[in-house]
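Both of the next two complexes hold subunit A, though its partner changes from subunit B to subunit C.
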Partner chain A sequence: MRTLVVIAHPDYDNSGTQAFLQASAQSLSQVTWHILDQVYPDLHMDIIAERQLIQQADQIIFQFPLYWYSAPASLYAWLDQVLQTKHEETLPDFSGKILGLVVSTGTDQKQFAAGRQEQFTLSEYLRPFEGIARKVNLQYRAPLIISQFSYLSEQQKMHLLITYQQYLTLKTDHFAQRQTWLIQRLQTLVKNTEAESQLTGIIAALEANQEHLTDLTETLQMLKGEPYE
Partner chain B sequence: MNNEALIQQLKMLQKKAPAYETRALYQETIILLKAQTRRIEQAEAEIDGRTWNHETW
Partner chain C sequence: MRTLVVIAHPDYDNSGTQAFLQASAQSLSQVTWHILDQVYPDLHMDIIAERQLIQQADQIIFQFPLYWYSAPASLYAWLDQVLQTKHEETLPDFSGKILGLVVSTGTDQKQFAAGRQEQFTLSEYLRPFEGIARKVNLQYRAPLIISQFSYLSEQQKMHLLITYQQYLTLKTDHFAQRQTWLIQRLQTLVKNTEAESQLTGIIAALEANQEHLTDLTETLQMLKGEPYE
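What follows is the complex of A and B.
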């Protein structure tokens, strides 16, 4: 899957979160990294070039820090100029493509709830992007939220690295897909490690578990009288 | 080999891995192993429960 990451951040070079995400994506071959504020400091977009980037991608990610419950200005400039010009009467049709959001927040994610500090959920605040996706036939997927990056422990950061890589390279976050993804990544490591036999054993155990789980799921579907997908 | 032994192996591999990204991958493998085990146990328990449900006999 080819993924275009459209980043809106007015102070990109000084963002620890963005630096971490960029380093996390570095080893992924089919990911295009596109920092709007650096390519277009004057926010005047090259519409043809931007549309080519969209056409080449299977998935488009809008990546930004949450500013006033929305995205920084450069993303809105991009949306205003690239999706539809004033001379065009029809909207673009991006059927078959996916729209994902990677949003960082300085506020704890728990505060985005009824009765808490931010009152509304992030799904509610980010609803306009879901509407935009629907309007141009993009399939909207659940956003990846990174809250209070600087407070994350080393373990949480490592988990974020993998979650982010999976978000950029998988179409969904279903357990079955994440399982296969991880096994494939380990397989690429086997050749480059001294612990080849150990790692081969671990992969075999993961695959055996995966198969066992599939069998159990099929049995359960049968017992429930549901078709197995 | 049981899961606990595999997790110990993964922790050793993680300690020795020079690259941050590889260490992250090993850590995530431990999380996956635990999740697989939990899901297998849950599915087995559900199958057991449904099989013994006399109302569906």
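What follows is the complex of A and C.
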């Protein structure tokens, strides 16, 4: 899957979150990293070039810090200009493509709820993006939210790295697909490491788990197919 | 009440809706008309000047066409720059001020509902603005929505003109206050018109209605005060 990451951040170079995400994505070959505020400091987009980038991608990701419960201005400049229907060139065909969001917030995610500090959920604040996906026929994917990145422990950051890489390279968030992905990544890594035997053990255990999961799924399907008497 | 109308529209000069609203506001002395895309074509705001405008207003109105279920980029540039907390100057004190929205849509307002074309209500799509008001301590006012302006009849346009003038000059949308406002406007107009006697009759009828309304309110309050036996 080819993924286009459209990043809106007026202060990209000073963002620890964005630096971490960029490092996490570096080893992924099918990912295009596109920082709007750096490519277009004056926010005047090259409409034709942008539409070609969209056309080449299977998944488009809007990646931004939550500013005023929306995205920074550069993403709106992109939307206003690149997706405008008045331009002589026809809009790209979005059907079959996915729209993902990677949104970082300075506030604890728990605060996004009725009666709490931010009053509404992030699903509610991000409705306009759901509307956009619907409008242009993109498949809207559950956003990946990164809250208070600087407070994350090392372990939480490693978990985020995996989740983020999966978000960029997998079409869905299903458990079985994520599990298979982990096994493949481990198999690649194992060749370049000293702890090969130990890792081979972990992979075997994961594969056994995977078979067990498949068995369970089959049993469940069988049970569903047999009516009770 | 002093009202600052902050307008975001990348094609302001070609908008029939905006031309109509500008003409409607022209006779109002306490209204500051502020077209972001014309004052700042490069979207680099004068933060200090903008904060002074805010400080002088009792009501701030964001006026824009709904682009991608949000405002055009210039409003986000304004929010990102003018309301940023990193700037050395302190933010204006928003307490006691009102935030209003005047939003025009190309789609019929009925389509903003579950199961209809736009899926969600405008209240839902505009949540980020409710969040902004809450965040900076502005009082959020129910938005004035203008749907499919070009399809409005002459009578509907006259009604919009009145509603819009009231939105800019009154603090609330209560019926009694709007009625009083109408009487005052008529009394001013009557002096410059030929149909003076006819209009005087209309004003008398409206004033009688107003008294009737006051009577009704008082009766209701009296009834509420007396417990049933």
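What to note about this one:
Simple rule for what comes next: the second predicted complex is superposed on the first by the 217 of 229 C-alpha atoms of A that agree within 3 Å, B and C clash if a C-alpha of one lies under 4 Å from a C-alpha of the other, contacts with A are read in each partner's own complex, and residues count from 1 in each chain.
In this section, a contact is a pair of C-beta atoms (placed from the backbone, for glycine too) under 8 Å apart; a residue touches a chain by one contact, two chains touch by 3 or more.
Because the structure is predicted, anything quoted here is derived from the model rather than measured.
Contacts of A:Leu83 after superposition: subunit C is touched, whereas subunit B is not reached.
Of the two partner chains placed by the overlay, only subunit C lies in contact with A:Asp42; subunit B stays clear of it. Judged by the touch definition given at the top, the superposed model places A:Gly131 against subunit C, while subunit B stays out of reach. Of the two partner chains, subunit C is the only one touched by A:Glu118; subunit B is not.
Of the two partner chains placed around the shared chain by superposition, subunit C is the only one that A:Ser70 touches, whereas subunit B remains out of contact. Using the contact criterion defined above for the overlaid structures, shared-chain residue A:Leu182 touches subunit B, although it does not reach subunit C.
Counting contacts by the rule stated earlier, no residue of subunit A appears in both its interface with subunit B and its interface with subunit C. Residue ranges of subunit A in contact with subunit B, taken from their complex: 24, 27, 155, 158-159, 161-162, 175, 178-179, 182, 185-186, 189, 193, 195, 198-199, 201-202, 205-206, 209-210, 212-213, 216-217, 219-220, 223-224. Put simply, subunit C touches subunit A in their complex at residues 10, 42-43, 67-74, 76-77, 79-80, 83, 118-120, 124-125, 127-128, 130-132, 134-135.
By the touch rule above, subunit B contacts subunit A in their complex via residues 1, 3, 6, 9-10, 13, 16, 20-25, 27-29, 31-33, 35-37, 39-40, 43-44, 46-47, 50-51.
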